[in-house]
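First the structure, then my questions, so here it is.
By written order: A, B, C, D, E and F. Residues from 1 in each chain.
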Amino acid sequence: MNRLALLLIPGLLCAQLLKVDTPERRLPAYIEERLSAPDKVLFGKLMRAGIESMWAVVVREGYPVCFINQLDPIKPNMRMVGRARTMRYLPNRKDLRAKVYAAGPQLNYKSAEEAQPGDVLVFDAGGETQAGVSGGVTTMRFLVRGGAGMVIDGAMRDQPELEAMHFQVYMRRGHASSVSPILMSVDYQVPVRIGNVTVLPGDLLVGESHGILVIPADVAEKVVNEALEHDVQEEFQRELLLKGESIYGVYPLNDANKKRFAEWKKSRR
Amino acid sequence: MNRLALLLIPGLLCAQLLKVDTPERRLPAYIEERLSAPDKVLFGKLMRAGIESMWAVVVREGYPVCFINQLDPIKPNMRMVGRARTMRYLPNRKDLRAKVYAAGPQLNYKSAEEAQPGDVLVFDAGGETQAGVSGGVTTMRFLVRGGAGMVIDGAMRDQPELEAMHFQVYMRRGHASSVSPILMSVDYQVPVRIGNVTVLPGDLLVGESHGILVIPADVAEKVVNEALEHDVQEEFQRELLLKGESIYGVYPLNDANKKRFAEWKKSRR
Amino acid sequence: MNRLALLLIPGLLCAQLLKVDTPERRLPAYIEERLSAPDKVLFGKLMRAGIESMWAVVVREGYPVCFINQLDPIKPNMRMVGRARTMRYLPNRKDLRAKVYAAGPQLNYKSAEEAQPGDVLVFDAGGETQAGVSGGVTTMRFLVRGGAGMVIDGAMRDQPELEAMHFQVYMRRGHASSVSPILMSVDYQVPVRIGNVTVLPGDLLVGESHGILVIPADVAEKVVNEALEHDVQEEFQRELLLKGESIYGVYPLNDANKKRFAEWKKSRR
Amino acid sequence: MNRLALLLIPGLLCAQLLKVDTPERRLPAYIEERLSAPDKVLFGKLMRAGIESMWAVVVREGYPVCFINQLDPIKPNMRMVGRARTMRYLPNRKDLRAKVYAAGPQLNYKSAEEAQPGDVLVFDAGGETQAGVSGGVTTMRFLVRGGAGMVIDGAMRDQPELEAMHFQVYMRRGHASSVSPILMSVDYQVPVRIGNVTVLPGDLLVGESHGILVIPADVAEKVVNEALEHDVQEEFQRELLLKGESIYGVYPLNDANKKRFAEWKKSRR
Amino acid sequence: MNRLALLLIPGLLCAQLLKVDTPERRLPAYIEERLSAPDKVLFGKLMRAGIESMWAVVVREGYPVCFINQLDPIKPNMRMVGRARTMRYLPNRKDLRAKVYAAGPQLNYKSAEEAQPGDVLVFDAGGETQAGVSGGVTTMRFLVRGGAGMVIDGAMRDQPELEAMHFQVYMRRGHASSVSPILMSVDYQVPVRIGNVTVLPGDLLVGESHGILVIPADVAEKVVNEALEHDVQEEFQRELLLKGESIYGVYPLNDANKKRFAEWKKSRR
Amino acid sequence: MNRLALLLIPGLLCAQLLKVDTPERRLPAYIEERLSAPDKVLFGKLMRAGIESMWAVVVREGYPVCFINQLDPIKPNMRMVGRARTMRYLPNRKDLRAKVYAAGPQLNYKSAEEAQPGDVLVFDAGGETQAGVSGGVTTMRFLVRGGAGMVIDGAMRDQPELEAMHFQVYMRRGHASSVSPILMSVDYQVPVRIGNVTVLPGDLLVGESHGILVIPADVAEKVVNEALEHDVQEEFQRELLLKGESIYGVYPLNDANKKRFAEWKKSRR
């Protein structure tokens, strides 16, 4: 979707350069190399497809509430693509904590250690922003494992270090505090709530500057393929608009423009 | 704690009646009759003990975050005492819903049907107020089973009917909407988050007009006994204050007043 | 829906009195007398029908977002039934105010004066709570005209006086401030936003302690009739539950219980 | 302002009883008896005057932001009149706490002990609702001293006991927690912020169900006298409205009605 | 206002470079070329004048609430100047939607198509952030028409694409969702509420990183001219401060410095 | 903490470059030069030490609530180090304003004029965002005096100019409005509340992108020294992780790795 448009509008004294310069999205090499062959294809498409185009297919597939816009990305202009690995945190409580932590390490450790390349860690901290569920050191382990991003309904520590890591992190706010004494990890790889969306382990997540699209694994192929198809048409529509044509007839295409589109598609091959 | 104080303050022209008329709290008969013998005792004490006195013991036992004050009771001046039966709700999602609802009935049904006398249903709906997790009819089943109250981090339907039932209900707001299409029940008898407090199945809950104290079952006996002990002393302290004595020396008791308290206690037997 | 249930539960030592005492809702005489014949019937039914039953029909008719639960009623346990008369308020602005107020009186005056018996004044003040859109004196005029209630997405003045008037008022908070200098009235009898619901002039509004159901005029007859029908069945279901029957099979009715219901209906005639 | 109106509206089949039954406000005897002679008069008037009438004079005197509507009264339908005694609380901090508490007792103690009859304790807790700044026992001391009410931008403990005391308390929410470890008292009798209003020690406070009017001491006499004057006119205006007259000409009074008002006033003497 | 100050402070070992490097603001060529002659002048001045200087004049002219700071710009460090074209959105409702959409296209289409060079589209979506009122394709049409910016009290789709367009967009959050099923457009070119400010069609809007100044068209010339005048004085004041002079006497200027200012102004010609 | 890591992960086809590129933090020269010798050392260390490492020591020293994360920095990726100079603002009120402003200049003037090199101005405006407590001109005086940053629980004017000044500013939002008529300054160099943290005059403040650590002056040396010590160990731990070692045994170090750490430390000297 890299577009640099030279706009010639009749009636103007000179040509105007209207730059609409969407950066091309690419899967980082440290992730791509370690993905399985099918994932390499799937993740690559998820990197390129329009997020609104995918949203439309996800909704059509029966998932109307699939976009999280209550968290902020800590980096501008960076798409995140990955597979959800989920955790649930609850307000700290001595008896439950004793039981949970007797059974295994805290879940930010465990998830960093067990992460597969292309995973996104998803922490449901109930929106609590006064304690960080994880920090720079455990996140470095996650990054080395091929981690693709983080989504926290709550807070992370070490925000400057996270900003220096070349992947995207979504959260409510950062905080210097450790997870205790306010929170504790409770459940691993269970359905969780992030913003107003339910996320399941294995969901495909696509993040942009305005939020995160949650794609159930079963429909991911269909979603991304139909979206890419749709994106071609939108590219054509944008071209017409940049030539100065009216929005009516172009978006959506009327019959005449559908014909032009068919020809345009042929000519591109 | 039923107090009706005739206050004689020296220097006033006439005696003033300063009524501080805390109603006596009683376990409702429809619950009490069906409780086991030990529960009858425990619940009875939980009905009478000062909630702030119990709070102090719960904190001393290592549970500093144990009071929920983010929900509103729908009835004035009614204490709730019961044992937590918990449920977790998440934003609705077709695939998870299909799986969960294939495995059994929606959890407001199940919990109403399986409730034991003295139970309090606890719904963690993530604070969502645009859909009711349950309503009047299922709640009537719960009431008939000996239900003692409800705590909803979200909304209930049929608020007028709930107001007509003689037990307490805490929630964020009411709503006429059914649970779908916004929410679905996911987990039964798991740790949940209500306000900023973790509630476990089996916790003893004591609700008042300002909120709900969460008492881990293991410490409940100790909590209520120490609190009742403490309440006796506070009763004495209030008596002194109603006689017009200074707060200094009375709260906390200085040595002289500790002596008077010892005598007062003896005299009451 | 006035129910006083004597509950006999087998296995208990004695009968328990489980009161579920929903007050009967009646249209106030000062409104009823002045309604047209068809409205007398319609309003009477709207007073009696279950608000959740009506909600279900409104949704089925294609209006999924029809219940306002962001405002608080100022009186406990009082149903409001009426027809919407709407106003839009905006932040005060000298030039627009001059224009609007040159064209006619402030809209709280105009609406009080022009109100028809059974009207509910609906003020969209954008949620602003630092200025009252109207107060006791103009509201008295509205009451005398047969006003049935008020719905304010904002604040009213003279809350104690409103509490003394025998109709329901919904608002965010009260405030002693006059409408100026913060707000001004702008539009009369236009579509407005109250909470997250669009209200049109002429909508039927039914308010309860948990909020206000918005019924488009065109479907009001259908809504209330189907709801009353449904209420009869729920009455039967509640009876079964009060006898101690399981929720399964009763709610919804299984085939056996559908038969019993048919007989029960006959027997009541 | 006790009004019980028999409304005769022409064209109706029978007379309607439109009750607008504002309860008469009276200073409690336990306060009144202990006030100085001038305060007895001032407080008495403040009990009777319309709060909106007083608001208008306070604004005219140059105090446009003088009404606190962000707190809730814990009792319905009870006016509070008193003089502000202020305290400032801050988030707890070891070093400052050591210094402050070395210099004297915690301020809820000190203020209860030093309170004068007719005082209202004003706690600026910065809106913090997770810790109670004071509780039932110290408040009983305050009550015995002739305390007239409490205003807390934060939380109180022992809400049921406060509800049983016959004075008004305004707060954000209740909480069972003691003041520590979250808050500490820092400043006594300094200007504080309650909601969005600055309160000074010595201000006259008049509370109603919708909030608290803050009247600088210097203008209190003027405010209440002009308000009472204005209330007489509003009484006349309400009488006209209850007779069915139009709001136009009555509110505000046109020339003809001003004449009628002059006569009406004479006739009442 | 492009300042690069070399600060020489006596007593320091070496000169310090204190850069205060405000970028010069320029009207984009694609807009400027298409403006009428008077607009070219007006917009040019609005691009350069200090926003706080203009704010002061707007307030003096009788518009105290004229600055919107509740929305976020999606681009850093970019001024927006334009003329308001307003739309009102409401929660979706079948009957009203049918009526509105029968009368013409959705208003994001219509406004993009009818936009004049230098227009700013203003969407009042009531703060709703769960649906985008418009997206990249219609916005491209608007851009080609000479659109100068967008102000949305709600959300937009296609945030990455909007970020790539070289004009400013203010909104609450982005969202991938289309406008339906949550919202619908209702009114075109009417007064709307954005944050807590009323915006009229034709208002001049000047946006900066902290918000948007709303200037009624009638006073725009006066506002910008007086502001530019004032900016000259502030430039002089900043120069004095950068020389290390005290704030007292400089801001505001005392008599001695007023003289220096007069000379400085002369010297600049 | 400047790290550029070449990551060689066994089993991959080629080496991956995982950049974790935390910028080195340096005290600006215009501040450093004017600091006392001990402050030069202290501030230099505070610039370099990990903020989470310092947080841990501050908490250990008895200050569990010491991190402000409710405000936003206006610049990305810039650390702020300085000493708190505090002010308290309250809602404007004629009588108090007259008294306060008779006693001396408004506190943003006074604090700018009296600031010492390395000071951070701390404005407690109670979270009010509709009026700016100070603006560009007074801030320029502060900058020239060696000001190191600003922390405002409220709003500032002239945000674009502040963005052009090379120091950090934390606030809730910007606003074009002057301080009046909404706020006024009341107290200078007193304890204040920022977010949920009490700040005292003289506290050392360290700000990063996620918030501000508040360090009581008495413990500052200890805090920064222990933190720097700890940072060395974390550097070692990150090195191990970047080599692909497991988080277990590395964080925290097990006995084997403690030995490796000891050797590593030696080898670095």
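We adopt the following convention: a residue touches a chain if its C-beta (ideal position, glycine included) is under 8 Å from a C-beta of that chain, and two chains touch if they have at least 3 such contacts.
Only a predicted model underlies this, so the values are computations on that prediction, with no experimental measurement involved.
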Contacts common to chain B and chain E (chain labels): A, C
Both-way neighbours, i.e. chains that touch chain B and touch chain A: none
From chain A, the most remote chain by mean C-alpha position: D
Self-contact between copies chain C and chain D, residue sets same or different by half: different
Interchain centroid distance [CA atoms averaged], chain A/chain C, Å: 43
Contacts with two or more other chains, residues of chain B listed in rising order: 64, 181, 196
Chain-chain contacts as defined at top: A-B, A-E, A-F, B-C, B-D, C-D, C-E, D-F, E-F
Touching residues on chain F, where the partner in the complex is chain D: 62-65, 90-96, 126, 128, 181, 186, 191-193, 196-198, 200, 216, 218
Of all residues in chain B, those that touch chain C in their complex: 29-30, 33-34, 74, 105, 109, 112-113, 129-130, 135-138, 140-141, 143-144, 155, 157-161, 163-166, 173-178, 181
In the complex, chain F residues that touch chain A: 1, 3, 7, 9, 12-14, 16-23, 50-52, 55-56, 64, 67, 69-70, 76-77, 79, 196, 208-211, 213, 234, 237-238, 241-242, 244, 246-248, 250-251
